[in-house]
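Working notes, beginning with the structure itself.
Chains here go by letter, A, B, C and D, matching the order in which they are written, and residues are numbered from 1 within each.
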Amino acid sequence: MESNYKNIIKNAYKSASLIKDEGKIATYIPELANVNPEMFGVHITKTDGTNYGEGNNLEKFSIQSIVKVLSLSLAYKILGEQLWERVDVEPSGAKFDSLLLLETNKGIPRNPFINAGAIVICDVLISNLGDAKVEFLAYVRELSGLPTLTYSDKIADSEKATGYRNVALCNFIKSFGNIKNEPSEVLDFYFDMCSLEMSCKELSYTFTFLANKGKTLEGKKILKKSKCKRINALMLTCGFYDESGEFAFKVGLPGKSGVGGGIVALYPNNFAIAVWSPKLNPHGNSYKGMHLLEEVTTHSELSIF
Amino acid sequence: MESNYKNIIKNAYKSASLIKDEGKIATYIPELANVNPEMFGVHITKTDGTNYGEGNNLEKFSIQSIVKVLSLSLAYKILGEQLWERVDVEPSGAKFDSLLLLETNKGIPRNPFINAGAIVICDVLISNLGDAKVEFLAYVRELSGLPTLTYSDKIADSEKATGYRNVALCNFIKSFGNIKNEPSEVLDFYFDMCSLEMSCKELSYTFTFLANKGKTLEGKKILKKSKCKRINALMLTCGFYDESGEFAFKVGLPGKSGVGGGIVALYPNNFAIAVWSPKLNPHGNSYKGMHLLEEVTTHSELSIF
Amino acid sequence: MESNYKNIIKNAYKSASLIKDEGKIATYIPELANVNPEMFGVHITKTDGTNYGEGNNLEKFSIQSIVKVLSLSLAYKILGEQLWERVDVEPSGAKFDSLLLLETNKGIPRNPFINAGAIVICDVLISNLGDAKVEFLAYVRELSGLPTLTYSDKIADSEKATGYRNVALCNFIKSFGNIKNEPSEVLDFYFDMCSLEMSCKELSYTFTFLANKGKTLEGKKILKKSKCKRINALMLTCGFYDESGEFAFKVGLPGKSGVGGGIVALYPNNFAIAVWSPKLNPHGNSYKGMHLLEEVTTHSELSIF
Amino acid sequence: MESNYKNIIKNAYKSASLIKDEGKIATYIPELANVNPEMFGVHITKTDGTNYGEGNNLEKFSIQSIVKVLSLSLAYKILGEQLWERVDVEPSGAKFDSLLLLETNKGIPRNPFINAGAIVICDVLISNLGDAKVEFLAYVRELSGLPTLTYSDKIADSEKATGYRNVALCNFIKSFGNIKNEPSEVLDFYFDMCSLEMSCKELSYTFTFLANKGKTLEGKKILKKSKCKRINALMLTCGFYDESGEFAFKVGLPGKSGVGGGIVALYPNNFAIAVWSPKLNPHGNSYKGMHLLEEVTTHSELSIF
């Protein structure tokens, strides 16, 4: 994807704009249901710093589960390989908030990207940081270059008031002993974390360190190269819940989706790309976003395979 | 992995030779239990034709499930995307011969590499070829450049006499209507297919077409580039049963293991590598083989991520 | 249910005749689909020998799974409590031919009335009898007082040709080692056994030994009283697949249903009753039959509770 | 069990006292772990008012889940058959606090005696009573003839502080919409309810209405006879978690166990019996208690079958 990458993005955006959007907006977080379902944007940031976007690429949206890659990267940095005693690295073969495998596996979540795993990561951060909320925010501010980024109370409160499934997950894991702090504290951090808002442009910029051997575009080292590769591998095998295989199969890039309709994907040593369209397919991933990324890799031949 | 690839292989082989092998030889196919458990070989074949091996790399062994990549590639070539109506492309989160997800999914196997999926692929080949056994053998002979390759009756008979789990799987899928031919015929082909024997050298050579955009080293086109990428993606997400995530995480290459202790992996546009050591870890994958490949990619930094 | 039991049966039959039959005839055994769906009969036999019937109570039908109570009683007589090492006594919470719990329980079926358990019972009989088919038939002839009773080849062959799910179950259990004979032999006996045909009158007569402390009406001792009680308990907790709780709840008698539309139930020290109507509810139990029995116990107040 | 019932109880108590108690005291509710593990008592109350006990039959203990029969009987009285839209009547085939089937069944618990079902019953009572805690207590006081009975704060607080699994269950069901009130309120009532303490004598007396066609020994009508029978049927099929089949098989009476080591069982139109011994078998039921009841019914031949 050399000089013509802008054309590829432009064409993929146009093509995906034309398909009939069969997705449905998420309603289980009441505040998310207020989003304009027609929003559609994409932005790519290359590891050389050049970047390009289309549509509503500068509009902020709730990144939701996409943040779990960032919390994982911070926890992994702190604990190293020891982290994997608390959470596994296998695809779950089940929906994002399933409790089935959790029961079989005695409270060890299948991977850090399903809700159960992300909640355990929150618990790890609380145990290992002085003030997890503050320090995690500082970490994301650094990655994103957005010094004023803050949690969205409106989104977080909306989810706190209705997130019974996540309360269930957290208490269930606690009953197996794999949550060390109080469930209410862990969940409070979890909901805050998921409430962060970014635009496609900001999001693609934020994720470039994973496409850049662990360094930000300014050259600051965030993560060791080997850890960075492993997080990318995890995104590929587990980033899209029970549609992870399909995404690897059709798009062929590591990526992570969020219930707000955002998806971020990256091509190692090359670029990070973020797309946003709020309507979701039955697996909980952005309907149009999936199509746009499939277009991009089909025409650019930029799958990692 | 340029000029020094031989050294990387040599060192990884040496290093893996030194670890204590905590694996256990597979005993459920009686004939496999007769193999010398100390065998250990590796061979790499680059897409430029150069190649190198260590240990028992010229010794033939039963490739078992590794053959499922080849049967899939033939079925995919014949049926195209229609194939995915019969089998899904998602990791299973369960052991290789589990019936659990099959029941939930009404007879559609989670992916073509678990036994259930490979059995459906056999059924597809029988329905679409005049004589599936003969024509599939011809296909593998062409890929491997081994004109006298044949099924091993000894291995196949041993498995036919004891493969109750696979008989169960096949009849279970038949009960959902996703097997079109008689179960006994499908299983006969399945067991024959899994009985093929190759050395590490032959196996790495055979798989180069998947690392070479679908062409053999002689330039013969076997599969379209896009199909080739998708098979590689499938190997990455599903090639190691319920240890697929771990392999992607630690090794970072598409690959496929067999219960005979063989593993093949590949780096697109670069090389295919085959390793063999009969003792298996609890997930059914070669204990030493996994370690050797981890060594190779750690030192060569040749993960796709 | 003293002198007026005939009236109770008559009224319950009339009442159940009037309801709209929302059931569907079983089609997975092709030969069963040929049965006249409007057939409806009931017959009661008291432990004092008096008996009474209504409707098509003298018409023979395929008793199917009802026979599993008889094969169990023979196996239990032979092996005693040792039998329970091969099969458990717990309700399954799943459909009659589910493989789910079987996998969790390592090949030990949840109870002797789901297909998996009945297949294990067949295996036990083959191992412990000279000629299981012949001797089991003799046993049923004795219980029923029908010296010419024979297996129905037409029904058995129909099921042998299409019973893939049962082939799967038997081979699956064999793979865990809980089938000792060849699956094909076990299944051959199983399908023959399920092919027996009786009328409601004959069936209610046959089951009186379980309502009569283990003795036939002629006073012949078939089973110890304590074993008899335990089989009755099993019928109550497990006799209706995943509708067993509902039957205990609404009818309150031990019983067993068959996919041919028959149901037998009994009130200890009092009577056995058989009802037949081929259309089944979604749980695989006779739609009208369930209603009739509910009527009988509601009006007679003859539940065991 | 006529005149000699005292001897039967005496002998069964003696016999069960002699067996080696292989059970383990429940530790997951910290306060329960403080109980003297050697306590062992039994008391029988016949429907004619005569009664007899042995051992620590006058010592109060935490009745825990046994109370769920009483809360069910109150909710059933209030809502009638409509109640079964909120909770099913089938055995669960799983442990008492499993979430597996709950996920499959979309938040409808399998039966009112597993924790999930009992929590839904609490929710029903809160919705239908002015002050559920007060009114339920009044109901139990009436049944037991104990006007000063109160919830045990010590037990309830102990469970509130550690009952993460129940918090998970309640929130999980809430996420499916089958809890109408706030989870914290429902759980508060649930934990209080389970904290009630009675002696074997009091407990057997309290349960006589279910053996007495719905009337207390004083003749006060508590429940319709038909509802009473149905609750007894439910106890038989679901009263002992995943050991319900075994209990029906070996004891043959409707009953309900609690994690405090109590068990109550009853023989319709005859008696209610309560036994207490704190050490539990792996299924969560009193080890010695199960043995004692088996002795009682074996020697008295008083199974309902």
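Things to note:
We take it that contacts are C-beta pairs under 8 Å (C-beta built on N, C-alpha and C of every residue); 3 or more make two chains touch, one makes a residue touch a chain.
Which chain is which protein? Per UniProt: A, B, C, D = Glutaminase.
As the structure is a computational prediction, the values presented were derived from the model and not from experiment.
Both subunit A (Glutaminase) and subunit B (Glutaminase) are touched by no common chain.
Hopping across touching chains, the smallest step count from subunit B (Glutaminase) to subunit D (Glutaminase) is 2. Once the centre of each chain is set as its mean CA position, subunit B (Glutaminase) and subunit C (Glutaminase) turn out to be 47 Å apart. For the pair subunit C (Glutaminase) and subunit D (Glutaminase), the distance between C-alpha centroids works out to 32 Å.
For the pair subunit A (Glutaminase) and subunit C (Glutaminase), the distance between C-alpha centroids works out to 55 Å.
Touching of two or more other chains is recorded for no residue of subunit C (Glutaminase).
Contacting chain pairs in the structure are A-B, A-D, B-C, C-D. Only residues 88-94, 101, 110-111, 225-226, 228-230, 232-234, 236-238, 242-246, 248-250, 252, 254, 268, 298, 301, 303-305 of subunit D (Glutaminase) touch subunit C (Glutaminase) when the two sit together in their complex.
Residues 98-100, 103, 164-165, 167-172, 174-175, 183 of subunit D (Glutaminase) are the ones touching subunit A (Glutaminase) in the complex.
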